[in-house]
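Input: one structure, supplied below.
Chain lettering (A, B, C and D) follows the sequence in which the chains are written, and residue indices restart at 1 in each chain.
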Amino acid sequence: MSLEERKIVEAQPQPQPINVLEYEELARPRVQEAHWDFYAGGSDDEVTLRANRTAFERIRLRPRVLVDVSTIDTGTSALGTPVSMPILVAPTAQHGLAHTEAEIATARAAGKAGTIMIASTSSTCSLEEIAEAARGVGGPLWFQLYIFPTLDVGERLVRRAEAAGYKAIVLTVDLPRLGNRERDRRSGFVISFEGNFVSEQKIGSRTRIPLTWDTLAWLRSITPLPILLKGILTAEDALLAVEHGVDGIVVSNHGGRQLDGALAGIEALPEVVEAVSGRCEVYMDGGIRRGTDVLKALALGARAVLVGRPILWGLAVNGEAGVFHILEILRSELELAMVLSGRPSIASIDRSLVKIM
Amino acid sequence: MSLEERKIVEAQPQPQPINVLEYEELARPRVQEAHWDFYAGGSDDEVTLRANRTAFERIRLRPRVLVDVSTIDTGTSALGTPVSMPILVAPTAQHGLAHTEAEIATARAAGKAGTIMIASTSSTCSLEEIAEAARGVGGPLWFQLYIFPTLDVGERLVRRAEAAGYKAIVLTVDLPRLGNRERDRRSGFVISFEGNFVSEQKIGSRTRIPLTWDTLAWLRSITPLPILLKGILTAEDALLAVEHGVDGIVVSNHGGRQLDGALAGIEALPEVVEAVSGRCEVYMDGGIRRGTDVLKALALGARAVLVGRPILWGLAVNGEAGVFHILEILRSELELAMVLSGRPSIASIDRSLVKIM
Amino acid sequence: MSLEERKIVEAQPQPQPINVLEYEELARPRVQEAHWDFYAGGSDDEVTLRANRTAFERIRLRPRVLVDVSTIDTGTSALGTPVSMPILVAPTAQHGLAHTEAEIATARAAGKAGTIMIASTSSTCSLEEIAEAARGVGGPLWFQLYIFPTLDVGERLVRRAEAAGYKAIVLTVDLPRLGNRERDRRSGFVISFEGNFVSEQKIGSRTRIPLTWDTLAWLRSITPLPILLKGILTAEDALLAVEHGVDGIVVSNHGGRQLDGALAGIEALPEVVEAVSGRCEVYMDGGIRRGTDVLKALALGARAVLVGRPILWGLAVNGEAGVFHILEILRSELELAMVLSGRPSIASIDRSLVKIM
Amino acid sequence: MSLEERKIVEAQPQPQPINVLEYEELARPRVQEAHWDFYAGGSDDEVTLRANRTAFERIRLRPRVLVDVSTIDTGTSALGTPVSMPILVAPTAQHGLAHTEAEIATARAAGKAGTIMIASTSSTCSLEEIAEAARGVGGPLWFQLYIFPTLDVGERLVRRAEAAGYKAIVLTVDLPRLGNRERDRRSGFVISFEGNFVSEQKIGSRTRIPLTWDTLAWLRSITPLPILLKGILTAEDALLAVEHGVDGIVVSNHGGRQLDGALAGIEALPEVVEAVSGRCEVYMDGGIRRGTDVLKALALGARAVLVGRPILWGLAVNGEAGVFHILEILRSELELAMVLSGRPSIASIDRSLVKIM
């Protein structure tokens, strides 16, 4: 589709899907095949991609009854920032492939929904453009950071994020190299980093500096912003993260796009939560499609979840309104799940709510 | 179908299915699609709906041999009321969608089969009409209670149930709000509460009073009838129920129609039975389709089971005779299962009969 | 098919299947549909019928190497009678439905294969005809006994079996009443007992005397023949059997035709073997289709296995030669499995050969 | 295909598959059906063949992050011989069925890839021809040995292997007789042993000497070469192997081609590794299709894995270049898996990397 054609498609009246999975079906024909595959695909045989969903089915809910659920409060905070619900917008690349308004639309929708958008280093728009869009609706932002090809470039990104008002840095630690995403290899799709790097030299995805715990110390030294590590799947690394003074951990397998065969996020969550033992906040992503998925993650100790692909489906179907609707569907499903499980507040969601089969 | 058309269909000679699942197939074309979906559907992705069936397949029977089974007695009692078998008619809404005679037919069939019908607050007929039908065949009745929109309305229902001769109140506790039943959202089906509320103001499904343990205390204070709580799935709530002096618990996930992902009834039964430890009667529903399912539930500690959808299938296929046949099929299958497992009486069915795989 | 048509079909040249499952496919079109369903079917939803097969897949073999397997001896004994392999012909009804020569053919094949045929009370031929056929080839026989409608009839059967040279009585204990075999109910098939009861009054399948441990004591008192109980699935009944002095137990769920949901034979075998602790011989049946299945059963403590449906497939495809070939296939597969697992003799097959997953 | 036709096919330009499974699909139409079945098939119902793959799916990876993975070294050694990666070429029969250059092509590819080829006794080319090809590219060779029909023949093979420069003898111990490979029985395919036995008398596959631990002692006595046993699946045999002074063990079920129902290689690996406790090297094969499979095997204690069928697929598709590409794909996938799991060296791959579900 040309840009003009897309604008025509996007201007047409939209259906009103009633759940996230219906958005997926509607989004597919609206996105170029190679771009769809980039969004949808995992690495190798996509074992972990599928596990991210099936792992939720092995967790049963143990609802409580006769609790006063006439008032439900889905509100919580993330690193001290109040959010209307424990559902954040995960950093995903290149929203421009889904919609011409790209991250501008996403940022506005997230802000209006009262939650945090985590902007990706590899966004279509620059971080400053995203910040401006979010500012218009009072939306808090975190910045997802890839450090490459040099620390200098990383530092400049952090400085720009600070200047633009981002409230935290989410350092992705599970991408020392790109996973083997065969769909992209077949389609020839190559990700662009132009959004944030117009003024930088061309960035090659293979020329990275080694990312180690020392890098984290360096990052800690150059910014007062809270730092989260995204991509931790083990108790061992969670302990190291705590020892290195991180403010948060995102338990994640990068949407099944990096190491195939890795634990599903929801499978790894309990050991990370146990290891951390309250010393930093723990988030998770991977496979969230229903309000009950959020409930399960919170019951297993997550402070909030990050939602990735569904945001892109909403964006593709209906731009800002689509993203907003996706977030409202999830919020509404979570609220109902809290009603039906007798947990009227986020704080009341505890481990006894789930049984792993 | 118009009422006239339906009466013509219903007057035609009926096939004689040999099991409950055949009734399901026969019933489907006789019920309007939206109504069928209302009966058949669960919430969200219907994970719990399916789990209600598959959970039975993980339970193996350990039959005993060389026991004298020349006389089998399926009779038992439920809260002191003798019943011909440990199979009760679950409360389900709007029997008029399945057959013009609605709950009148169901009540007669249950009474003739010698078991209890639990009439639903949201029945097509009024509770008094159902009581009159049951009286004609000596059928005992329990009344399933939703309390809304105010306690006053709930109290009037209880008074009417007392006056009409209902022997127990089954308070549904797992519907503080309606589950996300997407089939109904797509078809536009909205349940009617006219049967019992002709004289009441219009009832909106969203304007409920909070239902809590205090409500139970209030209910206890206004009626001498035995009270059961329907919709408990955890040991914790079972203990609270016992402490609040209930007479019975129905372990249930509301036919997979409320919280998707919740435990199957048969999965939750053992922990509830263990927690209650004989201090009140424990019933269960969800997924009963065969006599051996009843046997498994009893072996795991249920006093009796409730059967929901199969009753509606029988009703749709052949009215009162269809419901009666469904109950006779299940009784006959249970009796045979007792013969083949060497358990000639309900009292002889014990935990050693099952092995959970 | 008329008898003449069948004889023509049976006279045609036969293919040479290479395994038991190929025989099943070849047999199907050669048997009338109602008769096929009678052979193939289980009770209710056929859950146990399927479990009889799938349970074997959860058992892994742990083969030993560098054992001298240049000489393999599949020979063993069953209640003191030498047999060429630990594979016996299970009692199955009405071989005449598969082939005009009926049990005559089966008995000759079993005898030539050097193993025991357990003749069924409900055979097409009389027990004396079967004995005569077996005598011609030196084949040992056991007699499977149903006692009904009276002890007198049972005693006459035992006396006839003694007179005809049967070496043991296999009392079936899992059929106090016929299971719910829906295929037969749909086809209208009713089993005949004419083979052994030409001179008796008509036998109704519902008029049975109660079969209890007392019946076993009575049987013990009237015959010096060894007695086996067929249809035990629990440690509790195995202990009782030992206390009542039985000579053998056949762990069996009657081919999935009685209590649906019951344990698979191979699942129940370990607890029976442990309970019996060598005080009587333990056999099993249900789902044996490969030599490795036999190996697994022996590793879990069975003295030998009984093979039912495959015998009928062989019979339908090629009469005596087909049954013989079935037995030779299984023997040959067992022998190869013994070679490949480093167990050159039946005595060398022990519990360490299997791992239950 | 005639030899001429095949040469024409082989000369055509080749596609560049991106993973091993794509090679499988490309190879299938290039190999005669009976030969394909010979390569692809397992024994009996191919339960173990499938288990070799599915067992890997039950193992989850626990990747570590923030490790310096800028330099990855896949190099290791096998019995002291340096190899570029822990992936060896498994002994498989008759490469000539896949490509006219047969083992010559395989040996060159393995050598260029810097790894060991284990040449099969039943190769198309003679062991001397293979050695010559390997010598040209500096490729180390091991020799897989079948001893039959007499020790003399076996000894001559060992002498020839020593003379040709083979560095180890891999004695196959799980083939005292050929497994029941039904695909071959249906196609009529019979393996040829001409490659190494032109000057020997015709070798019948059934006339074997007994292979026992004594044979191992004899082999030990006649050659100074290191000896590995291939085909061990139990701790018991692993202990015996250590006591008999072997240098290595290959945990293997012969590609699912011998005892059906046997443990998958990856299932048996942990108990063998634990039993051996470092006293000899442990290898495994069976089902390796991805770099992450190699990683899992190494995490569970394997020194290296052997790859069988994929080599033949590469050979069929593109001769030497195809085999080389298969090895490079696996190396590259392993390297990426090491990057993404935070294990920059083979030595850093430990048990904590996996979780068995």
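As a convention for this text, a residue touches a chain if its C-beta (ideal position, glycine included) is under 8 Å from a C-beta of that chain, and two chains touch if they have at least 3 such contacts.
Here the structure is a predicted model, which is why all the values come from computation and not from measurement.
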| item | value |
| --- | --- |
| Required minimum of steps from subunit A to subunit C, each step between chains that touch | 2 |
| Chain separated most widely from subunit A, comparing mean CA positions | C |
| Superposition rotation for subunit B onto subunit C, Cα-based, multiple of 5° | 90 |
| Copy pair subunit A, subunit B: interface residue numbering same or different (half cut) | different |
| Distance between chain centroids, defined by C-alpha means - subunit A, subunit D (Å) | 43 |
| Between subunit B and subunit D, centroid-to-centroid distance (C-alpha), Å | 60 |
| Residues of subunit A engaged with two or more neighbouring chains | none |
| Residue ranges of subunit B in contact with subunit A within the complex | 44-45, 47, 51, 173-174, 176-177, 179-180, 182, 185-186, 208-213, 215-216, 229, 231-234, 236-237, 240, 258-264, 267-268 |
| In the complex with subunit A, residue positions of subunit D that touch it | 18-19, 21, 56-57, 59-70, 290, 292, 296, 333, 336-337, 339-342, 352, 355 |
